[in-house]
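In structure tokens below, several structures.
The same subunit A turns up in both complexes below, where it pairs with subunit B and then with subunit C.
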Partner chain A sequence: MMRALFQTIRVHMGISMARPMFQFIIWASPLFLATIAIFIYSSASPERIFHYVILGSGFMALWSSIVFSSASDINRERFYGTLEIIFVSPIPFAVILIGKIIGNTIWGFLSMVLSFVYLVFIFRVDITIPNPFTFLLAIIFVLFSLTVFSFFLSLAFTLSRQAEALMNFIEYPIYLVCGFMFPVAILPIWVQPISYLLPPTWAIELLRQVSTENSNNVALHSSVLGLLAVTLVYIVLGIICYRAVEKKARIYGKLGVY
Partner chain B sequence: MQAVQRFFRQSLLSYRALFGWLDPKVYILVMVLSPLSQLLFFSVLVNYVYSGEGLVGYIGANALILCVLNSVFGIMSIITSDRYMGTFQHVMASPVNKAGLFLSRSIAHVLNGLFTSIIGFIFGMMIFQISIAPDAILLLVGVWMVSIFSACGLGLIIGCFCLWTPSMNLIGNILASSLLLLSGANYPQSIMPVWLVHFADFIPLTRGVELTKQILNEGNYSNVFALLGEEFVLGVCFFIISFLFIKYAEYLSRVRGTMDLD
Partner chain C sequence: MSTINNNIINVSQVKRTYKTEVGIIKKKKKEVDALKGLSFSVNKGEIFGLLGPNGAGKTTMIKILTTMLTPSSGEVSVLGLNPVTDAKKLRPHINFILGGERNLYWRLSAYDNLAYFSDLYKIPRSEQHGRIQDLLELVGLQDVAHQRVETFSKGMKQRLQIARGLVNNPEILFLDEPSIGLDPVSARKLREIIRQLNDNGTTILLTTHYMFEADELCDRIAFIDKGELIEVDSPQNIKQKTNNVSVVEFSVIGIEATKIQEFTHHPDIHHVQFEQQEFLTKVKLHTTDPQGAVPIIYENMKGAIIQDLSITKPSLEDVYVQLIGGKVS
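Now for the complex of A and B:
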């Protein structure tokens, strides 16, 4: 099973990168986003630049890789006519799907790193992380949480007839609602509960907390707990969607068609 | 008169052929809600960073930038969709004037871009509860129309690239991002490095964004005719270059027989 997972990750990373659109998302888009962000925040304090430019643009790159790959991978297999073959293979469909998502998340993370490096070397932005080990642990937790969210999105999009339109639509709303480049607190009160139902909001909040010197322990703990809670919720939602997709395939025979 | 009627009929038919088969829900998601969410994101961002200073100008500039969806991706589809459906050979082999044909097909996208920008601006004004001087409205529409015409010219040049490369999504997205970056829609152009500002002078929408900010923030109409004239000339140059590109592609395809191949 693990061999199948690793092979899926390896093969999928190669296949994804063969798509010109994905090449843009991973290599070019982070540079554009980071440049726009640093121009907008050009006169801000180093801490604000780290929180909203470095983390913000890095997260936008990561999110774009999720939207334009993980969220639409099943739909793409359907278009190629290979979805049914993958579904009936002896390796569980969930393992293959998780392998694809991990592959995309690794690319997304590299894209995030590219954005960091670009800002540090080209724009001479300072990166000061008080506790690098805690930051690393937080990154791993964040990537796990986003993998879970991608798993849910991927299956939810499979159930929709408008997967491609949704894929093109959800990029900016998530940038906005999850406060990638500004605090969620500036959004209208009625939007904020929606923000906190989404893992990216808690994820970026956690990274901001662990990268703040003398950060408030209560705020840090609430970010960890918040991210943990929404991750668990999306694990449950992912399982429900997985069963719905399975039902669609086995009972209605409508996996490959709309 | 008949030629004019044919020009506009071609424009309408080409546009309907592009979107007629799409579900209205898809059209609303991609062509209305997606641009509005982009406008909202950047408006909230600049409102936060600049504490509301010059907000109306930034909302106007971001509304204008929304036309990229039509002027880049819409215009690109004029050539790419024909090629994808295998009808490009017929179009190129027909005795019709190609310059007039592609210009007529572009008109609908100029108008759709203008419509998207206006809807975006009205949406931004409603969300942020701002108003503009009535005398600025007509001027703004004129500025936007010329700017979008110019952007469509560049879009058509890029559309010709599909005759040489299969990576149109990559090229289209790079162009769309470049327009967002270089136009200065979300920051004063003075923040950009000098070499980038000079480069931006050869890019459509830069002058349109500058004029939009001047009209909306300062009520300054003094540069309108000079900058708008430059933008129009730039647009005409782009269209001329794109027609030369199409001519060259036509020649190559006749010699090599590769019109529908990469």
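Now for the complex of A and C:
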């Protein structure tokens, strides 16, 4: 089982990187996003630049990669004619799906790191993380949470042939609703509950909290608990959806239709 | 070929209905019955052919047997297991190949494709390398093992698919139109591989449009049409069932299709098949009275040029056309 998971990660990372569009998303797009962000926040304090430029643009890169892992890859498997094959192989479909998502999350993380490096070396942005170890733990937690959310999204795409359109539809609104480049508090009141139902909102909030010099413990704990809660909710939803997909994919019989 | 009478696939009264929606604004639900109570069984060690026109339900049946699809009703058993409820137990023991060039990762090499699918079928690493080499040799791709699949011809991709379908050394191999679109040499090579697998004990269920292929390979065949079973027997027996029927075949120049269709009114002519070509029309008549039919042909086609007239026994294709095609095709 673990070997199949690691092989899926390896194979998937290779196949993804062979596509020029994916190469653009991972290597070029973050640089554009980071450039836009630094021009917007150029006169802000170093801490604010770290929160809204470095984390913001890095998160956009990470999110784009994860959305691609959820939607396009399932659609691409459908197009290759391999979706049916992996669906009925003895290795559970969930393991293959998670392998793909982890593969894209690794690429997304590297893309995020590239964005950091670009901002530090080209724009001389100062990065000071008060507690690097805590920040590292937070990053691991964030990546886990985004993987869970991505798993949930990808299940919807397994049944839907409109995944590609849906993917494009949700890519940019998530930038806005989850406050990648500004605080969620400035969004209209009616949008904010939607923001807090989505793990990326809590994820970026947690990273901002752990990288704040004199972080307020209450705010830090609430972002940890918030992310933990939504992650658990999406784990439960993911399990429920996975069981439904396993059953319904065989009832609808559309895995091979593209 | 084995003749052990030991059913390892049993299909009883299987129905499958697809529900689709038609229209954009006012959506109407539409139901299509792909299988309407199909029943047959496959013996261990045999090559069983499922034959029928497009839309007959062949692929649907294969998808049900390979755990990809749930039947609407009826009972299915593969190796004594129910593909719906025992899918996890059944999957390691079977494999399938869907026709065409897809179902592979084109950006990976042939070897990497087989290695990945071996992992998905939980083949131990210690066995993988040797097995992959053997499979590549079996399908004649050992020299291009490390080339990307996207550089392969259609025939090579289809042969690689055969290798993929064998990574777990399945007890039953399902082949859905495996020779579709192949050139004659590649198709012959594929038939050799199928025979070799069967000689080694693999039970094979295949669907095909090519009657000579089914005649050459299959121990038994089932004709299905519009989701219903028309006939199931060995190719020999099926042909013998039309023993009193002869095929009168000829080419004709200078005649209209309506004139050919008039043959259907003759009581001893059971089936008329014709194909309009550039300068002539090729006609086949199935009749129980070939000697009587010949004068009728010349009588009906006065003024036309009749060439290459022959009387033969029906081939499997003739029987198929007669059973599936109705009075005229």
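Some notes on this structure:
By definition in this document, the second predicted complex is superposed on the first by the 254 of 258 C-alpha atoms of A that agree within 3 Å, B and C clash if a C-alpha of one lies under 4 Å from a C-alpha of the other, contacts with A are read in each partner's own complex, and residues count from 1 in each chain.
Assume a contact is a pair of C-beta atoms (placed from the backbone, for glycine too) under 8 Å apart; a residue touches a chain by one contact, two chains touch by 3 or more.
Quick caveat: nothing in here was measured; it's all calculated off a predicted structure.
In the model built by aligning both structures on subunit A, subunit B fits alongside subunit C without clashing. In the superposition on chain A, A:P193 makes contact with neither subunit B nor subunit C.
In the superposed model, A:F32 lies in contact with subunit B only, and not with subunit C. In the superposed model, A:F182 lies in contact with subunit B only, and not with subunit C. Shared-chain residue A:A165: touches subunit B; no touch with subunit C.
Overlay on chain A (Cα): least separation between subunit B and subunit C is 8 Å.
Comparing the two complexes, no residue of subunit A contacts subunit B in one case and subunit C in the other. Those residues of subunit A that touch subunit B in the shared complex are 20-21, 23-24, 28-29, 32, 35-36, 39-42, 44, 162, 164-166, 168-169, 171-173, 175-176, 181-183, 186-187.
Taken together, the subunit B residues at the contact with subunit A in this complex read 23, 25-26, 29-30, 33-34, 37-38, 40-41, 44-46, 48-49, 166-170, 173-174, 177-178, 180-181, 186-187, 191-192.
Subunit A makes touch with subunit C in their complex at residues 1, 3-4, 7-8, 11, 14-15, 18, 79-82, 84-91, 96, 250-251, 253, 255-256. Within the complex, the subunit C residues that touch subunit A are 18, 60, 63, 66-70, 84, 87-88, 91-92, 98, 100, 102-108, 112, 115-117, 119-122, 125, 164, 168.
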